[in-house]
Every structure is written in C-alpha cells, then in structure tokens.
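These are the structures in question, set out in turn.
Paired with chain B in one complex and with chain C in the other, chain A is shared by the two complexes that follow.
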Partner chain A sequence: MTMQTQSSSGPGRRGEAWEAFRAGIGERHPVFVAVLGICSTLAVTTAVRYAAVMAAIMTATLLVSALTVSLLRKRIPPAYRIITYLLVISTPVILLQKLLQLWSPEIAASLGPYVGLVITNCIIMGRIEACAALRPPAIALADAFGAALGYGTLIISLAAVRELLGTGHLFGMACLPEDYPSCGFVQRPAGAFLVLALTIACFRWLRGALSSEKGGRS
Partner chain B sequence: MKAFREIGFVLVLAAVCTLVMSGGEVMLRPPPGVSAEFMMRALALAGVSVDMASASDRLAATFQASFAPVPSRTDGVYRARRRPWLLLCEQEGNGMWGRIRLFVAYDAEAGRLEDLGVIAQSETPGLGTRIAEPEFENRFDGLAASAGLRLATGTPRPDTGEVQAITGATISCAAVVKIADEALKRLRK
Partner chain C sequence: MTGGLTGLFLAAIFTDNIALSMFLGLCPFLSLSRRIPVAAAMGLSVTLVMTVTAVLDWLLMRRLLIPYRMEYLQFLVFILVIAAVTQILEALIDRYSPRIYAAFGVFLPLVAVNCAILGVSLFASFRDYGFLETLVYAVGSGIGWTVAILIMSGLRRHLVFCRPPEALGPVGTVMTLASLMALAFGCLSGLVVR
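== the complex of A and B ==
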C-alpha cells in the first residue's frame, strides 16, 4: 500500500480523514475486500444482539487502540512493535470483557472466547499496522471508525439474515408466520459460510457494476 | 543505549497496561450476592425442583423459602431451613487463568463436605475445564472436612480430607481445593 503524503493543513487533513473513513466501508472493507476477521464473523452472527455487542466491542477496541498507537507512534520501537500493539489492544479488550460479564453474563457466555480473541483480530492489527502506526490521531481514528463501521454493519446484517431464516425471529421477536419451517442449516457453521460467501459475491458484483457504469459514463 | 531505551519503553507500557487491567478487574468485579447458579445448586441439593427458565424473582423466592441467612452473619452464609446443620456459601478465588467460583455445602453436624460445584471458571479448555465435570466435583462429596482439604500426593484418604487431582489439570485442581478450604473456614466459624 502506498502512503499518501501527509498534509499539514486543516482541510487537507479533513479530506484525508474522510477518505480513510470511506475506504473502511467501501474499497478497503475489512471483510468484503480484505476477507479478514472471518472467524468471529461466522461465530457471532447467530443472533442480531450477539452481533451488535461484538460490533460495539470491536468499535471501542479499534478506536482506543488506534488512538493510543497513533499518539505513541514516534516512540514505538520498530523491533518491538507487534508486542506493543498486543499490549495496547489487550487492555481495552480485557476491560470490555469484564464489563460485558458484569452487564450481561448471558451474552458474555454466548459469545464465549470470541470477545477475548478480539486481541488477535486481524482487522485491528491490520489497521494499526497500516494506518495508526504511521498517521496522526485524527486520520487514525477516522480509519479505525470506518473499518469498525464496515465490520459492524456486515456482521449485524449477516446475523439478521441468519436469525430470520434460521429461527423465524428477529431480536427474539417472531417475524415470520408460525408455520414457517425454520432453516436450521443457516444457523450452523456451513450455513454461515454460505450466507457470507453469497453476501461477498453480491457486494463484489455490485461494486463491479457500479465501477463499470462510472467508466462507461466517463 | 538505544536498545535499553526501547526495552524500557516496552516495559513501562507493559506496567501501565497491567495496572489498568488490574484496576479494571477489581472495579468490574461482580457485586457480592447470591447468583442464580448458586440458588439452583442449593435448591437441587435440598430436593426442590425448579424450572431452569424460572424468572429470577421466582427463583429467589423459592431459595428464600428453603434457605435462610445465618443470623449474626453478613458474609453470605446460608442455612437450610429443614436441615439446620446444612450450611452453604459461594466462594471465589484465583484459578490458573482467571477466577473460579464455587458452590460449597457443609454438614456441620458430621463435619463433612456435603456438596461442591464449580459455578464459574475460565481454565484451559480440555484440561483445567475438567474441574467443572461431575466426575471431579463428586470427589468432594462426603469428604471429612474438619481438618481442612488438601490434594492427595498418593492414594487419597477421604477421612483426612484428601482429594485426587485430575491428570493434566493439577494447578486448577489445587486452586479448587484451596478455594473450597477457604469456604470451609467461613462455614466453620
């Protein structure tokens, strides 16, 4: 990835921050384009509320880690950068895990080890290594928020499809007729892979169609 | 010199992160009280059947009908109403990776452990997590507890409060024994 030259002026930096944010939900989407964070994407999308909690935890962790690394970027020794990132990421994750256990032990038990595994999530490590470690805090935060929003909207949408097709419910409320034959396959890991693959295929087809339309117009 | 500065930076950062995490661990600890799992275990021991999906207020009412806090004690020790010699408490302590929470029932008349259950743990999957299996929990049933508990170094002798550890999970088993021993000290007061 080529680095853009850092602009020092206010509007230039705002433009860069906007570009960094937009890339996270578009051309550099962590799941659709980079296909990162698949493990948690598949595991926590059985119900919308689990996915929403996971999205919130990822967002908070990404923002705190990106801000901390960006502020310390000139002091972090290159030889020890990975261990430094792990330290910075694990602190909010452990605190959020404790908070979740206190707030909702049931959701904490349902998410199992996946909250703790956020520490090694490739999306966070990737955004820190590619952006936060090199750019000023405003851009690092915008980039982190874009990636978190991209990841969060995807897992919540995926969970909505899986919960609705798999159980006929959404947010625990019945949304389909009572005689709806629940599609248990969608709730299982193989079903998760299939739904994710179809979603990625749709996204890429849509992106290709939009870019070819733009190309045709110009 | 530069290498020392770099290592120093990482060490200082590690110390700060450890402090923040430890502070969070203390501040975000669940408030003392009786958990639903504790009440379910106690009611099962008393032979009272309750639906797993019972509302928390209904569960608490059933628990209060069967167990009462020991008068003059404010440390969460309960006594069975129908069997006043049966004392129960919930005890928490450090395991290998995280906190372990136990349900401990003690027969004060016979000086024996009536029941022990692991309510919460975060030990190594496949090894330490075996402490929550009934096979291990049952090793404590009926143990002579008047002189405290300890891990057996050879063939366990139940009359001396010795417990056989699980192979591959010695540290977690030792933690359970230590926590149970602390619970017994509370119950024997």
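== the complex of A and C ==
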C-alpha cells in the first residue's frame, strides 16, 4: 500500500496490470482478505529458510501457471477446466521439487510433502479462476506476481516471528541473548495458529485506521 | 501408551491431526464449520475419499510407478486419482442412492481440491508406509479431520454469546479457536509411543 505514491498508472493496459498487481498486496491480499492457501502458510513457517524457499516455489509456480492458462484460455473447455488447471499447475511443481532435491536435499526433506501440496494451494487455483482464465497474459502475470508477493512477505514475516520467539535464532543465527528462554509454544502448531490470528488482527486494525484517516481527510 | 498400528491410528486422529497439526484441509475447515450437519457431511465425504484414494495411490505407487521408475509422475497420478475417485463416487451415489446424493453430492467436488486428500497420500508415500499402515493412517486422518471440524462447528455456535476483539474479525476468531484446539489435541501425546 506504500507503493501507491509511485504509481505511474497510465491509462490502458499498463494501468490495469498495475492495479491487478497492487490488489494482490493490498485490498485483495490472498491470505488476509481472501483467506486462502493457509495450509502451506503455517506448515513451513517454523524457520525463515523454509518459508523463503516455499515463497520462491509459490512465486515461480504462480507465474508459470498463470501465463500458461492465460495463453490457453480460449482453448480450455469449461467442463474440464479444473483438471486442466491442476495439470498445468503440477508441471512446474514437479520440476521445482526435482531442482530443490538437487540444490538442497536437507531443505527438500524438511519441507517433505508440502512442496507437492503447492498444487492444491487455493491461492493458485483462485488467481487462475478469477484472473488468468479471463485476461490477457500481461495482466494475468501482474496479478499473479502481486498475489505471490503478498503471500511471500506474509509467510516470511510469520516465520521470522516464530523462529525468533521460538528458538532465539533468525536465519539459523543466534540473535537474542544467550539466556533467552526459547518459547516452544510458538514453534508448535498451536503457536502457528495464534501468531497468524494476531497478524490478521494487526492487518485489520491497521487497515481500519488507514481507511478512517483517509475518510477523515476527504 | 500404544505403539504399532493402534498407535498410528491414535496419532493420526489426535497428535498428528491432519487439520490441527499438519495444517491440511484448512480451507473447508474454516468455511464449512458454521453448521454442525454440514460439517459432519463434509467430514464423512473427506474420510471416504481419503481412504479410497490413499489405498489406490499406494497400489499405483508400488505396482506401477516404482517398478517402472516413474516416481516423478507421482503428483500427476495422485491428482488424477483424486479427480477420478470423486467423479466416480459422485456418479455411483447418484445412481444408487439419490437420498444420500442430495445430502452429500455437493461436497464431493469440493473434496477434489482439498489438500488434506493429496496430503495423506503424499505423507503415506513419503514415510514409506506399508499397505495396512496406509489404510489405518488414511482412516485415522479422516476421522481426526471429522472430529476437528465437528468440535470447531460446536464451538462456533457458542460464539454468538461472546464478543471477541473486533480487530480479530471472523477469520482471526476461528484461528484463535483453532490454536486452543491444537493445544488440547497436542496434549494427548502421552497416548502414543514415538
């Protein structure tokens, strides 16, 4: 939302693409507002490393599948669209999983099946259904990138909170005093739900404060 | 304290609950937990589809993909199996029991895109479960998910009587409830030998 100031929204397609991108991090944020894709969001947020890898996988998959669906949008028969989308999504995921296994077997083993579960992440299906299946590639890509950025920043910040409070580390490096009593609760699943609930509360409160300020001015 | 298959079953229901500990199938867990009958119907559909697909996926994995060294097709095959199973079940139920179809029919397409179904098959294959283990794990996970969504819909009925902080909003409130439930389910870990 801070990017609003640098918006050079010219008329036509460029402005439209910008709008689609901006919505992904602001008013149509995939996790806060549309409440989608929470599964992988919480499972990979015990450490920042894992969250960053997951965010990268999500971004690549979203961009590739949005582009593919957008290019094929006039040829996909409506009755078989869901299964077509699933196949389109799973192709980059398979490639990325193989790459991850080559690049870092340790992270691949820790993420385990959650890499494969990107296929059924509702953010991707949601963006495809709502945008890529209807709009030209440029807009679909901008929209997908916005959603990926919104998702990525969220899971990385959740992971930062959980790793810092839970272990006293950040990116695997100690950054709190030695005698910090690690709060195991934050690392447990129950902690994940609570941190997400509080983050949603902050986001909503902030948005409420911002919009009332805007309303007061105009 | 129990180990073996019983332990696996109990762990799948309580300590490794598919919704509260693995974070799978949370979208319907949040959106369909407003009314108890709907939650129960969804839970049963999920359990049924989960069991059938996990067994089929295990067979395909062991008899087809691994012998012919095509493990990289795992995701594609699993997804096609889920889609096929939901379609076939829908057609069968519609043909043989329109009454049940009226109650459950709408849920089967929703189940198809439920990450808990794919998740159970993937976890069973990732942990190298045998046939019986896969079956027990799938049934247990289904029951666990049903128990979780039933408790959640029961709790949500009582939200009418209380006023959670406004900033939490409906989603934040349900997340807080889920956090407390996860805490309670996690405390049953004494039941299971690791």
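To be clear about the criterion, the second predicted complex is superposed on the first by the 207 of 218 C-alpha atoms of A that agree within 3 Å, B and C clash if a C-alpha of one lies under 4 Å from a C-alpha of the other, contacts with A are read in each partner's own complex, and residues count from 1 in each chain.
Methods note: a residue touches a chain if its C-beta (ideal position, glycine included) is under 8 Å from a C-beta of that chain, and two chains touch if they have at least 3 such contacts.
Given the structure is predicted, the values throughout are model-derived calculations rather than measurements.
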| item | value |
| --- | --- |
| Overlay on chain A: chain C relative to chain B, clash or fit | clash |
| Contacts of A:212 with chain B and chain C, given as first, second, both or neither | neither |
| Partner chain in contact with A:94 - chain B first, chain C second, else both or neither | both |
| Contacts of A:182 with chain B and chain C, given as first, second, both or neither | neither |
| Which of chain B and chain C A:102 touches, first, second, both or neither | first |
| More chain A residues in contact - chain B or chain C | C |
| Touched partner set for A:201, first chain B, second chain C, both or neither | second |
| Which of chain B and chain C A:75 touches, first, second, both or neither | first |
| First, second, both or neither for A:83, with chain B first and chain C second | both |
| Shared chain A contacts, counted only where both chain B and chain C touch the same residue | 83, 87, 90, 94, 98 |
| Chain A-touching residues of chain C, taken from the complex the two chains share | 20-27, 30-31, 72-76, 78-80, 83, 112-115, 118-119, 122-123, 126, 165, 167-169, 171-173, 175-176, 178-180, 182-183, 186 |
| Residue ranges of chain B touching chain A (in the complex, touch as defined) | 6-7, 9-10, 13-14, 17, 20-21, 24-25, 28-30 |
| Parts of chain A lying in touch with chain B, wherever the complex brings them together | 72, 75-77, 79-80, 83-84, 87-88, 90-91, 94-95, 98-99, 101-102 |
| Interfacial residue positions of chain A with respect to chain C in the complex | 35-36, 38-43, 82-83, 86-87, 90, 93-94, 97-98, 112-113, 116-117, 119-122, 125, 188-194, 196-198, 200-202, 204-205, 208 |
